[in-house]
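Each structure below is given as structure tokens.
You will see two complexes here that share chain A, one where it goes with chain B and one where it goes with chain C.
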Partner chain A sequence: MASEITRVESADWRTTRRFYLKFLEGLADTQIGPLYIGVWGILALVFFAVTVFVILFGYLEQVGFNPILFVREFPVLSVEPPPPSYGLKLAPLAEGGYWQIATFFLTLSIVFWLIRIWSRAIANRIRPNVAIVFTSAIFLYAAIYIIHPISMGAWNEAPGHGLRAQLVWANAFSIKYGNFYYNPFHMVSIFGLLGSCLLLAMHGATILAVVRLNAHREIDEAESSTEGTHRAQLLWRWVMGFNATATSIHTWAIAIAVVSMVAGALGVIFSGTLEPDWFQWACRAGIVPGVIQPGTTSVAACLR
Partner chain B sequence: MLSFEAKYRREAMEVPSVPLLGLGLLKFWVGRFYVGFWGLVALLFGLIGAGIWFWRVVLLDATRTGNPLINFVRGQIEVPSPDVGLSLTTDPSKGLWWLVVMFCATVTFIAWMMRQVDISRMLKMGYQVPIAFGVAVSAWVTIQIVRPILLGHWSEGFPLGVMAHLDWLSVFGYRFFNFYYNPFHALGIALLFGSGLVLSLHGATILSAAGKKKEGVTEHNINVFYWDFLGYSIGEIGIHRLAFWTALMCVLLSNLCLVLSGTLVQDWSAFWNFWNKLPFWSGF
Partner chain C sequence: MSTQPDTTPPGAIAVYDERQAGILRLEAFGLVAVSIAVLGLVIFAFLLSKGLASAFTYRAEHTYNYAGIQMTDINAYIQAKKVQIQPISAEALTAYNEWASKNPKTVNVQVLNQYLGDDYNNTGTIFNYMAVYVSGGLGVSCEYCHNLQNFAAYDLPQKTTAKNMLVMQFEVNNKWVNNVPRPEGQPLYQIQCATCHVGAPKNWNKTLKASNPAAFGIEGGGLPYGYEMVDEQLLKTRPDPQTGEVNYYKVTATKDTPAGLDATYRNQNQMYHQTVALGVGCDFCHYGGYFASYYVENGSFKWPKAQARHMIGMVQDLAINWWPQMQFPAPETVAQPNCYMCHRGYVVPPGASNTAPQPAQVSSPLIKPLEELPLPKPITP
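Right, the complex of A and B next:
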């Protein structure tokens, strides 16, 4: 394994002072290096620590500060948003105040994390593409935790902070707005998500198949492609009549991942505001499968 | 043809064939496409299967919508009725067409995988692409063939239609109480979201440094960026290994979560009953 690995030789102090583990050679040519903290890193980490502390304190209060119950109930413990009666107002701690504090600090820490990624890219003289793509993930987070609750007028619309709470929210949210399988934005989002998995498998497999020709050195290949990339391109051209290049495959990659997140966010934002019931939308669009009622053109399941 | 393609086509002609596996037989190209024995098999069964599907779902207009586009979205070929069991029915009203299309699709998928083996071999590449595609085929085989056989009914498969398979998925989630409580489903979804994360990180990372060689930017800048950002840089081979295994494990765990439902586990909520009975916290 180690023979096919190309280490970047450099006089940079990080390269020589890094923490080097022999057994990781097979997985990585670069190793654990010093983490950059900086002012944005401190802000992000401190606010994230506050979020975790508030959530865990909320859990502990619910189990009466009993450590054994805390572990036993951990998967189902949740810091829930305030009940609908509080609307968008501040709630007492035990009735959703913990959730409001935790979400506030979580949002801040995510924004500082974004700034941190951006500023580190600039400092290393590369473009801030990672930060730009990260904003689409933040858009999905904001749609779920901030935009949708505000547009519906209640923090209660957002998920609780807990392992099971997120699953319960996803389940209930889908049913509340008439089954998300009929939400066209959700369809596009799932298309993007499954497509991400497909493209990831295709790209990973293609590059691993020509590692002996150094096709994994993609920065060089993007500059001027060599034999490994040529063989990889011909594989897909001969299989399906189309091939990307060493640069364009990565554009396809971020495109499909961003489509998945942006469509998902729009699906959440439009639920309850533009469309209260996606099943009824599908009925109006005429796409619900089923048996046609005699004398009408609508499906039996759609008749009210 | 790409500028460098002729050389590789000549090289491909010299790779010996393996007639027993159909590799390297009928070695010719039509335009950009390589044909080969498996290409013809895939084309033949693909056309039969897709043709039957379009005829039954779009053209026949069984629900009299008069609109082919609506038929495409909401039409379906229904699964065989439960009383058919695992027999190969010839009754069109009891699922003959589902069996025919399902058979054609399975042959097409496997032929497509063999086609990738053929092409990988001619290009002197590893077999990672057909292996990854084979894992995707395994999901189809698990849902449409293995699980129905384990449960004794073809009706356990999913209907062949755009909206119909969403309905099937929605109902399937609640048939075993609730799929959100299925731990293998949870792992599969985590890896599916993980696929989106790894894909967008990798794509953005390469694009952030591509074409900046004149400015002295190399992969070393990316390594330093990741040491700064996460304290760890996985490296150029490593990211592709991570990509390969994230995507493949996502599908393999999904296979497991489906094949366990209805066979060994009937209720994924009750599955967790062992948790509170663990000896560590008896008495609490």
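Right, the complex of A and C next:
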């Protein structure tokens, strides 16, 4: 099977177990399938299904198994981690046990999905770059849900599973640790996030701009540059004085996205463990002035 | 869904590209259109959920200046909320006139004359106070509390409750309201009956609260806390008797802060309640860069933060010391006090008054606090 796969555009590939959804023409490729399931895929999907089931059961229990309330309250329903008093111990179901079970299976599901991507890449005879980059996102997930709570000594530091719970956690985490905007790792992470968007927009717009010159055939272009590539690169040399190549732009994209995830993860891990109050860190670093203390008239030194 | 043979031979780039170019044009158009549609839907859903009118008038910053001087008119508020006020009945007026002609000097008055002076030993003065502040504030006629044949009698339980409430009102004014840290020139408002009752004798019970949380300044809610102001932790927290230092809701971490975010969630719920109750945003009290600070970056002092801290102490005092002594007709149904009880979405409570008579300090009030709660140390510049 693997030896038959040569190019995505190959007629052999596209005619194997194909069907087309014409309405997808404007947004994606119209070809659907073939889909590989496999052991890791099954494991990932099953564990994810268990996660969803546990979370939804927790929601239903909170609304007394009332379907109308379930729908109405869905945006604010949440399966919360155990209270701080439980530390890192197992908790009864209604007091965080649901969260512990759901998080356990969610973590397994994510890991199995990572293995699935990795194994499919190997089977496809391509490098496992997608899987490697995915680990950076998993690192951020693990930092928030596992590493930071364990290093602080309470699952309560982790977010609940729910739409509103994610926002509430982000807010509370920032409030507790001084002000997350002054966390230097958060600063780098946001730089990476915004930088990723900028780079993606620049790249997408550039390729679309030279579609009529075949530049969208990126693989061909990477192997043997044509007029589209040259003009696209000339555009950026005119604008910025330098340009990425058809290959290196993708390396840039990976790098800046990974920086965003890894820096974000480190920022979470170091909160409370190395620095309890990022505003005071910023004060010591000279980024912000110290706050005035009541009863005085001048800016005090940093508090701690 | 359709199936079609792939007639494009491998390597026929030109044919493929012509089709792809069209697709890419569609992609660009589609992405822009979908983005605009999604954004529009989100905005529409938001407006729908808040109600168009309330979405544009949610914050009430435009109704006050920074010192909180502008006052919302109580009558306008009552009218807007369609509160039915019962005027003093003709029967009650007749009975009062008869009573007053027989008793120009008060009989069995126990509270008003203590706090407001000897004038309040005259039946007429008492009647004026009752008509304006008590009957007007609760929206009831005299017979709600009084036996019209004998105004001095205590045969209705409401009258005992009202008497205790008056003591509470004056004591709370003396202890808390008169000591609110405030900038020079900011007017001082007094608590009166209308401050909490706003035209209804029973407006603060658990049944109403469960059926209409928004009417209690509790919007949204959700686990694990909802937006209860008086919780077990607030009931347990005490200012240091020596220094007056107190930590009602402070959560900014230090190296000694225990693990867990529950305290922060609690803090955020209380803060959210306060924004709803006063109709303000966080930056009314806080410096957004560092919520723990009493100063903003330009060095100006956040008086509202100092005042809010003081008022949290007052709510705690009401819950610990006064609610249990009010002899409510059905104490188990009464809800705990919170900021919205008086503020109703405004910085200055609509029912507060800066014209009500100032109470004197009374050495032996009719009822005393169950526990001496020290005042939190006032935070001032």
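Going forward, the second predicted complex is superposed on the first by the 267 of 304 C-alpha atoms of A that agree within 3 Å, B and C clash if a C-alpha of one lies under 4 Å from a C-alpha of the other, contacts with A are read in each partner's own complex, and residues count from 1 in each chain.
What we mean here is this: contacts are C-beta pairs under 8 Å (C-beta built on N, C-alpha and C of every residue); 3 or more make two chains touch, one makes a residue touch a chain.
Only a predicted model underlies this, so the values are computations on that prediction, with no experimental measurement involved.
Engineer: Which partner does A:V288 contact after superposing on A: first (chain B), second (chain C), both, neither?
Structural biologist: both
Engineer: Thinking of the overlay built on chain A, is A:V211 touched by chain B (first), by chain C (second), by both, or by neither?
Structural biologist: A:V211: touches chain B and chain C.
Engineer: According to the stated criteria, A:I254 is in contact with first (chain B), second (chain C), both, or neither; which is it?
Structural biologist: Only chain B is touched by A:I254; chain C is not.
Engineer: Under the stated touch criterion, which partner chain does A:Q233 make contact with: chain B (first), chain C (second), both, or neither?
Structural biologist: first
Engineer: In the overlay, work out which of chain B or chain C sits against more residues of chain A.
Structural biologist: After superposing on chain A, more of chain A is contacted by B.
Engineer: Scan A:N179 for contacts with chain B and chain C and give back first, second, both or neither.
Structural biologist: A:N179 contacts both chain B and chain C.
Engineer: In the overlaid three-chain picture, which partner chain does A:F279 touch, first (chain B) or second (chain C), both, or neither?
Structural biologist: After superposing on A, A:F279 lies in contact with chain C but is clear of chain B.
Engineer: Does chain B (first) or chain C (second) touch A:L167, or do both, or does neither?
Structural biologist: first
Engineer: Which residues would you name on chain A as touching chain B in one complex and chain C in the other?
Structural biologist: 10, 14, 18, 27, 168, 171, 179, 208, 211, 216-217, 288-289, 291-292, 297, 299
Engineer: Where on chain A does chain B make contact in their complex?
Structural biologist: On the chain A side, the touching residues are 4-6, 8, 10, 12, 14, 18, 27-36, 66, 68-69, 71-72, 75, 116-117, 120-121, 123-130, 132-133, 136-137, 167-168, 170-171, 179, 181-182, 187, 192-194, 196-211, 216-220, 222-223, 230-235, 237-242, 247, 249-254, 256-258, 260-261, 282, 286-289, 291-292, 297, 299.
Engineer: Which bits of chain A are touching chain C when the two form their complex?
Structural biologist: 7, 9-11, 14-15, 18-22, 25-27, 62, 73, 76-78, 80, 83-84, 87, 149, 152-154, 156-157, 160, 164, 168-169, 171-173, 175-179, 208, 211-212, 214, 216-217, 272, 276-277, 279, 288-289, 291-292, 294-295, 297, 299, 304
Engineer: Give the list of chain C residues in touch with chain A in this complex.
Structural biologist: My answer: residues 1-6, 8-10, 13, 16-17, 20-21, 23-24, 26-31, 34, 220-224, 251-255, 257-265, 267-268, 287, 289-295, 297, 299, 301, 306, 379-381.
Engineer: Using the touch rule from the top, collect the residues of chain B that touch chain A in their complex.
Structural biologist: 2, 4-5, 8, 29, 31-34, 63-65, 67, 70, 73-76, 115-116, 119-120, 123-129, 131-132, 135-136, 161, 163-164, 166-167, 169-170, 178, 180-181, 186, 191-193, 195-213, 215-238, 240-248, 250-251, 275-276, 280-281, 284
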